[in-house]
Structure formats: C-alpha cells, structure tokens
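Beneath this line is the structure, given in structure tokens, with notes to follow.
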Amino acid sequence: MKLPYILRLADDALIIGQRLGEWTGHGPILEQDIALTNAALDHVGRARSLYQYAAEVFNQLPKEQQLTYFTSMAIQEKIKAGESIDEDTLAYLRDGWDFKNVLLVERPNIDWAYTVARGFFFDAFNFFYFTALSKSTDATIAAVAEKSLKEVTYHLRWSSEWVIRLGDGTDESHEKMQLAINETWPFTGELFVATDYEAAMTAEGVAPNLQQIQTLWTARVNEVLDEATLTLPAAGAWMQQGGKKGIHTEELGYMLTELQFMQRTYPNMQW
Amino acid sequence: MKLPYILRLADDALIIGQRLGEWTGHGPILEQDIALTNAALDHVGRARSLYQYAAEVFNQLPKEQQLTYFTSMAIQEKIKAGESIDEDTLAYLRDGWDFKNVLLVERPNIDWAYTVARGFFFDAFNFFYFTALSKSTDATIAAVAEKSLKEVTYHLRWSSEWVIRLGDGTDESHEKMQLAINETWPFTGELFVATDYEAAMTAEGVAPNLQQIQTLWTARVNEVLDEATLTLPAAGAWMQQGGKKGIHTEELGYMLTELQFMQRTYPNMQW
Amino acid sequence: MTQYSFQQHFDDKIDSDNTIEAKDWMPDDYRKTLIRQISQHAHSEIVGMLPEGNWISRAPTLRRKAVLMAKVQDEAGHGLYLYSAAETLGISRDEMYNQLHTGKAKYSSIFNYPTLTWADMGAVGWLVDGAAIMNQVPLCRTSYGPYARAMVRVCKEESFHQRQGFEIMLTLAKGTDIQRKMAQDAFNRWWWPSLMMFGPPDAESPNTANSVRWRIKRLTNDELRQKFVDVTVEQAKVLGLDMPDKDLKWNEERGHYDFGAINWPEFYNVVKGNGPCNKQRLEARRSAWEKGQWVRDAATAYAGKRAARKAAAVETKAA
Amino acid sequence: MTQYSFQQHFDDKIDSDNTIEAKDWMPDDYRKTLIRQISQHAHSEIVGMLPEGNWISRAPTLRRKAVLMAKVQDEAGHGLYLYSAAETLGISRDEMYNQLHTGKAKYSSIFNYPTLTWADMGAVGWLVDGAAIMNQVPLCRTSYGPYARAMVRVCKEESFHQRQGFEIMLTLAKGTDIQRKMAQDAFNRWWWPSLMMFGPPDAESPNTANSVRWRIKRLTNDELRQKFVDVTVEQAKVLGLDMPDKDLKWNEERGHYDFGAINWPEFYNVVKGNGPCNKQRLEARRSAWEKGQWVRDAATAYAGKRAARKAAAVETKAA
C-alpha cells in the first residue's frame, strides 16, 4: 500500500509541474512568469524525490510482483532484463491508468484565473497536508514533506494573493475569477476522499487524516475567498473523482503523449 | 530517387489529412464539418495508397540499404528481424526529419480563413499536379493521381468557393481572409522548388515539370483571388522552405507526437 | 374539417399504421413530443462526434484512422438528417442549436463519459451504437414519415458502426496482454452507462402511453434493456471478456439474463449536468458555434450579394 | 556647469574607465544608443525563452526537464535585470514592450530559428549561449554602471547554461547512433546562425567607433567571431562532431581557423522578418501580452484600492 501512496503524491507533483511549465514564456507579467516557473520547478523537484523513493520501494519487491505491477510493456521488459527502475521509468513509461494524481492537477491552464484557482485550491491542500505529513512515520516521506513545506508556504501565499487581487480587482477580473472558482470547485472534492491505499497509510501513521485536513482547508479557502469578495459554490455541489484510482479526464492522455514522447520514441537511452 | 519522391507525395497527404481531421466535430457549419472530413478522408486514402507503394519499393531494396535508409530504430529493428514494412511503418515509425511534406500542410488550422487559404493553395497545386501526374511513366503513381484527380477537383471547387465567399462576404471576413492569404503565402513557394529527387523524377517522366505547374497555378490563384476581391502579396516576397528536405517547423514535432503515440507506446501489435 | 375531424383523421392514420407527413394536421402534443425527441436525437449525434473525434489524431493505424473519421462524419450526417426532419415540424436548426447551447435541450448522457484509451473506440461502437440501434430500429416504422425515413438511413449506418466497434474489440481481445486489458477496461467503463441509455425503469418512466400509441416508441425501456443485455452477454463471450457485473446470470425461467442493480443516482446526476464531461462537451459545441459566427455571417452576406447581382443582371438584360 | 563642461566631465569619466550612473549627465546619443542596445538585449532574453520553452513539456528525463525550466527562467530573470537597467535611462518597460510588439525594436535573430529536436537544447546552450557570452563578457565592464552590473549577473548564469548545453551535446555524442545523428543535425543547423550572432563583417558595420569609445563594445564583430570559431572547433573535436563547414581549416600563419563564407543575404533576410520563426515568435509575445491585459489591469486596480484603503485608515486614525 505504500507504493501506490508514494506514486499518488509523486504524480500530483509531476502533473501540476508539467501544467505550470506550459506557462513558461507566456505569462501575463514577467515577474509572474518567473514565479510560476519557480513553482513548477518546486513541484518537479518534489516529484523526483518521490519517484526516487517509489523506485527504491519497487526495486525491493519480489520479481514476480514487479512483473505484474504496472501494465507498461516497457517496464516489464526492464524487469525481465534484470534491470532496476528509476525516477524516469515511473514518469515516462507508465500507462495513463497507472497514474494516481487527482483530476484537479490535470485541468488545463485555460487562462490566468483558472490557473490561479487550480493553484490556490491545490496549494492550500498541500500546505496543510505537508504540515501534517512532515510528522509521517515514514522518515523519507516526512523529509520530503518538510522540505516541500517551505515551498508550498510560498506557493499558497502567492496564489492567495492572486485570488484576492483578481477577485477584488476590476469587474472583469472579478467575473473571471469567480467563474474559474466555480468551474474548478468540482475537482476539489477528490482531494479529501481517501482511497484504500490512503486509508491504510493513514492507519499506519504514514499519511495524514484527510478529514482533519479538509476542516483546515475549508476554513482557509473561505477566509481567502471572503477577502477576495468571491463566493464558493453552494455546499453539496457534485464532485468529480477518479484520478486517484487511475480514471482520468481526456486531458491526461494528451499530457502524457507529450511528456513521454522522447522516452517512448527513443527507448533505453541516456539523456 | 523514386522512394523519396513517393514518400514526399504520401507525407503531404498524411499531414494535411491529420490537420483537417482536427476540425472534425468543431466546424462552423455542420455541412462544412462534413465536407472537411470528406477531404481529410480523401487525403488519408491517398496517403495509404502511396505508403503502400513506398513500402513495396522499400521492401525490394537490398537489406543493407534498408538498414540505413531511415534513422528510426523501430524500423531498423524490423529489418533486422527480417520483417517487411508496410504503410503504417512509414506513417507511424519514421522520425520527423524523414518526413518530406511541404511546410504548407503542417501549418496549424488557426481559424476557418487560414484553413481555407491553406486548402486553396494546396488544392490548386494538387489539381494541376495530379492532372499532369496521371500521365506519369510510373503506372502505380499515375493510377493514384488519376483517382485523386476526381477528389481534388472537388476540393479545389470547395476551397475556391470559400475563398470567394469569405473575401467577398462581410468586412470582417474579407479582412480575415486577406490576412490568412498573406500569412500563408510564404509557404507556397516551396511547392515549386524541385529537390534533387523531384528533378530526377521529372527527368524520368515520373513527375511533372514544376515550372509548368506553377504557371497554371499562378493563373488560377489570381483568377480566384480576383473574384474574391483579395490581393496577393507583392511579387518577390520571401518564401519559406525546408519540408521537402526534412527540415520542418516546430509544429510537425507536436503533430507526430500525437499521430504516432499509439505505435510508439505499444509497439509491434495488431490494431 | 373541424378540429374534431382533424383529430379523427390523424387517429385513423395512426391506427392504420400510416405515416403522418409534414403537411398533415397533427395534435400539438404530437408535434412538441416529436420536436423534443428528434432534436434531442440530432444533438446526440452532434455531441456524440466529440468523444470519438478525440481519438482521430491518435488512431493506431491509417486504416483505423480513416474508418474512425468516416464514422464520426456519419454521425454528422445523421445529425443533418435529423435536424432536417425536425425542421419539417416548424423549428429552425438555429433554434435547436440555441436550445442545445443554453442547456434547454438534452442529448444522450452517454456522451458525457470520457474516451480514455483506444479501446474506447471499440467499446463505444460495440456497446453505445449497439444500444442505440436497439432504441432506434423500432423508430424506422415510427408514425412521423420524415423521422422514420431519416431513421432508416441512420440505422443502416449504425449497425455498420456497431460491427466496426465489435471488430476493434475482437482485435484487441485477440491481441497482447495489454490490449486485452485495454478492452476489458473499456468494457468495464462503458457497460453500465450503456444500460442507462435505455432510460429509467418503466416504473419511473412517464409519458410512455402516448409515445407507444404514436409509434415514437414501440418497446418499453426495460424490454429494450433486457434485449440488449441478452445479446451483449453472448458477444462478450465471443470476445472472451468478463462481464463487469457479478450479479449477472442466466435465468432459465425467464429465458433471460438477470443483471445487477443499475446505479440510477449516477444516471440522474449525469443528466443533471454532473457527468465527467458535460461541461467539456457543451463548451466544445458552444465554442465551435461562437467561433463560426463570422463564417456563417460571411456566407449569408455573400449569398445576399450574389442574389442581388443576379437580380440586377436580369433587370439589365430585361431593360 | 555649462553644456560644454558636462560633456567634458562625461568624457573624463569615460576616459578614466569610470562608470556613468543613472543620475549622471550623459550625451543624448549615448543615452539613445544604450537604450536601444539594452532593450534589444532584454527583448532577446524574453523572445529567447520561446525556442527552448518549446521543449519543456517534452524533455526526456525529469532532471533535464528541471534544468531546462530553470534555464528558461533564468532568461526571464536576465530580461528583468536588463529592462530595469534600461528603465534607469528614462524609458518604461511598457514602452519597450510596445516597441517589441510593433516590430520597432529588434531582438537577436538567432531566436527566429526553430528548435526541432531535443539536441537543439544542447546546441542552443553550447553555441548560442557560447556566442552570447563572447559578445557579453566585455559588457561587464561597459561604461554605463547599471548595464555593467546587470551583465555581471547575466554572464555568470550564461556560462553555466553554456556548460549545460555542452553537456547535453556530450551525452548525445556518446550515445546511440540516433543520438549522435541528432547532435550532428542540431550542430549543422545552429552553426552558421551562431556565427551570424556577432553581426555583419566589420567592413559593413556602422557606428562602431563611438560604441568602442563608450565601452558599449570592446572588440569588433570579426574579432569576436574568430575567437568563437577557434574555441568551438576545439569543443567540436571533444564531441567528435564534424564541423558543418568544408572550408574550415587551421591557418598556421594567422594562428586561427579559417572558415567558409557566411551567407549574409540569409542574415539580412532573417533580420528583415523572413526567418523561419519571426512571425511565430512575435505572435507568441504579442498574444501573451494581449491575453495578460486584464490581469495587469486587475493588479493595478487592486493596488489602487489597497492604497486608498490604507490612506483612509490612516485618516480615520488621525481623526
């Protein structure tokens, strides 16, 4: 249960990093272009640490289990050849259904308001989650969380400020920000619905309790939206889910096609 | 010299077909959505016939020549395994620099006016080109051209009508169409610059004389633009080229990433 | 004729299995019901282009790419026939589009599910077109002539599509491990939504009486669903795929397969707009429409100019 | 001081290798030349983000992805320093953007070439950054203080980028056949444009005199180009790549490599706007700017509101 859990954390980080990287060179303000790329780098960095740990865990599994763990033929061939896997194997050679990121992070950038909304919901989650996770009984995970906490504190400050700036800016920006909040909202519920592997990790003290995180998250989200003169969709709105179990949106396929292009087209090389 | 020539014809057809296919389901008028998909189907059909022929020619080469003909490792592995190649090998497993389509056909759709402009310049070329090519000394190529001529006659009528409709429609459509003509124009010159392999095929009577095609093409283009109340960029405008020699725009990489995704990710399977 | 005799005449035609034509008198309810049903059907064809269009650029072989393009194009064609049939009832295509884009008109909820792998092109053809055919074949003899004639063409093409979809599944099922897994995964995801395509259970399905009488419907939702299950189970056996329903078993007594409980809350939720792709699909249609506005305007303006020029030329000649 | 004595004071500073600072008097020509050069340099950094940004989503390993992102981000940072340096001369950033977007201001033509394979990330770092450093290192001691200080930071990072680029090339050169071929192909495409980065031959290069005197320039175009060729030939040997110039050979007498004729018509053509990517690059910048307008407006409006609230709060307190 620990392997899917590590992958879940890593996949969130990779996919949001890939999304934010799409902004690089195309931001509305040079300083903000830099800020977003900074966040992208933090996420990719976290993804690397977690994939490295996941690879370590995977490489210790019995070979027969390794062989059936992922559907990817490219990974199976590595195992058959007696090779161990690494961070890039996990990022570049898994099939879409083996990715466990929440749907939220694969949402397209659309515009600055959507990017800010997605970032804000996710950063607020990460902030409370990593705070708790830095006390994980798994020392490696705790260390990653500890390191990420500094980064995510900055991310959350940045995205909160932008929610407020756009919400309380012009009429146009208020309208766009409210729309982005409304449309992004249905993708936040999944963050707090524990899968089996998450529940197991929570039971072992590896992962935080999602309900506690949700309470903190909801308070913070309300606080910031309030200051931004924005409102949340009515309570009880329908929430999308699936990502944590490998059932994604149509967007992920296109993302992975691009992300994995080099390794799929030119396999087994050093870059 | 015949193999690169056949591939050049086939690649034009595949890439324009792929581009037009992007419109399917997103056209501005249902009837026109159908018309564009129809054209896409014609092009993909022609691509298939030509790739089949190219594969036939390739499979007759000496093995050592086959091994070095394309840089694609996936193709080289097929050769080493004693397999022959087929239409899908050529479409799905060649690297970008082995594609010989003109830059014109990989231009993005952008909007309806750009799509019409690209289509019009290309259809007018195909119309005169296939007319001549149906007299090719190569019977297979002549037969493909003959069959395609009926299709392209329809394509050209369709795109000419749209150039006229948009050019002589509203002020807005006139402006958009003129912009699309201006921006697409620099990609037409390459059609008429013969590469070595084209010149060799012309010398053998396999391929038409490009200068003769250009004369006919220019007259037709002027005629239609005149009726559309549109103007051509000044004579002597700079022309982009490279595609016929495998030097493409940044667009092609993204197109092939998507086009080849399945075969690259799940190699050596029947679909 | 009096209102009463119009109604009598209409009833007679219905009862004698004759078709009602566009110029014939018909009750308001009949007209409204038909407009709603035909336009909803047309919208389903148009929105239905999107989940499959999603794989055109990534089809794994050139043949499959061509077949898929042709299929999606056929759906556009179906949309066209059906919009035309609805137009004979006095509603314009633009009005119908407007109902779609504002969410006033519905389309089949099945298209609010995503197409996640190539196998979905098989599953959609096999299951979704398969279910559609079962729903639609009876409509080839529906009472309204233009609709019935449109449905004849639609059904012919749909059953071709259904065979193509099955053939994709068969190729995958006979393929490598990962291809079989793709096929099973797609089957798992599309099976239950396909069963929902037949609509709510008869007990909860309103207004069936008139629909049956008018031959807008010939079998009930549950009857059609059972038929679909019975046929599909046999086809799944041919494919060697597992039925994604642990409660499925042959009922000797009924002569039918029993199957598990359908998740109706999910169904109503998707209908309400909360499916995985409702917003995405509607947004794609709206966006195509909005981006196409200047194109349609230009076409109209040009047609006007041409007509004016022709008229002027005729006048000049006459003068 | 009289105008004459201002000029005298400026000349003395220049002659004694002192820096001119923003608050100092300076001749109009000096100011204009600097604004043009610094803003052009800033624009080059910003437009230069695009060809490399093109491969962020497709970088072949996570490490390469991170390094590439960081590199492109550094370029944004360079743009920022340089815009700030130019602003000290009395031009606003918005004004400079406007000059870029309307085509009035130039940027380095090298960024009008496409990045076609991953190897281009190596070649651009190795060659383009390499050439840039040769052009820029002398500017770390240029006479205008804010520019010189910006260039110190820029050059430090650029040489780091250049080493990263070379390392990508080395990895490819030591890799499989196809990786070597990628590296050679990228080298072939980027070599000649890199040589053009040093500008027209000295014989045709106007206004060098003042530039040299003002230490806006220290070596001539041809001197820098020769230095670049000499260094790069040796690096290409380490990589085991063929020089894409059949006329290249060591000239014992000169102590330098002779090299083939540069295609200057191509250079002027790209400068004129006809390179493979001029339109695409400018369009990407313009589009980012236009799509960002409402965001900048909101930020300005919010800052205004906040300032007003603060002021009101202070007033209330005071009252």
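A, B, C and D label the chains in the order they appear, each numbered from 1.
The rule is short, and it goes like this: a residue touches a chain if its C-beta (ideal position, glycine included) is under 8 Å from a C-beta of that chain, and two chains touch if they have at least 3 such contacts.
Just so we're on the same page, UniProt names per chain: A, B = Phenylacetate-CoA oxygenase subunit PaaI; C, D = 1,2-phenylacetyl-CoA epoxidase subunit A.
Given the structure is predicted, the values throughout are model-derived calculations rather than measurements.
Peer 1: By that same contact rule, can you tell me which chains touch subunit A and subunit D alike?
Peer 2: B
Peer 1: What chain is the most remote from subunit C, judged by the mean position of CA atoms in each chain?
Peer 2: D
Peer 1: State the pair with the higher C-beta contact count; candidates are A-C and B-C.
Peer 2: Higher contact count goes to B-C.
Peer 1: Cα centroid separation between subunit C and subunit D, in whole Å?
Peer 2: So the centre of subunit C lies 57 Å away from the centre of subunit D.
Peer 1: Taking each chain's centre as the mean position of its Cα atoms, how many Å separate subunit A from subunit B?
Peer 2: 41
Peer 1: Where the CA atoms of subunit B average out and where those of subunit C average out, how many Å apart are those spots?
Peer 2: The separation of the two C-alpha centroids amounts to 35 Å.
Peer 1: Identify all positions of subunit B at which a residue touches two or more other chains, and write them in rising order.
Peer 2: Correct list: 73, 95, 257-258, 261, 266.
Peer 1: If you look at subunit D, which of its residues touch at least two other chains?
Peer 2: Counting only residues that touch two or more other chains, subunit D contributes 58, 176, 178.
Peer 1: Could you tell me which shape the graph of touching chains takes: line, ring, star, complete or other?
Peer 2: other
Peer 1: Pull out all the chain pairs that touch, please.
Peer 2: A-B, A-C, A-D, B-C, B-D
Peer 1: Using the touch definition up top, name the residues of subunit B that touch subunit C in the complex.
Peer 2: Those in contact with subunit C are residues 14, 18, 21-22, 24-31, 33-34, 37-38, 40-41, 44-45, 47-48, 51, 87-88, 91-92, 111-112, 164-166, 168-170, 172-173, 176, 258-259, 261-263, 266, 269-271.
Peer 1: Tell me, which parts of subunit D touch subunit B in their complex?
Peer 2: 54, 58, 114-117, 176-178, 181, 185, 189, 269, 272, 274, 276-277, 279-280
Peer 1: Tell me, which parts of subunit C touch subunit B in their complex?
Peer 2: 46, 49-50, 53, 56-66, 69-70, 72-73, 76-77, 79-80, 83, 118, 168, 171-172, 174-176, 178-179, 284, 287-289, 291-299, 301-302, 305
Peer 1: Where on subunit A is subunit C touching in the complex?
Peer 2: Residues of subunit A touching subunit C: 71, 73, 95-97, 183, 186, 238, 240, 242, 247-250, 253, 257.
Peer 1: Residue numbers of subunit B touching subunit A in their complex, please.
Peer 2: Going by the criterion above, the answer is residues 73, 95, 254, 257-258, 260-261, 264-266.
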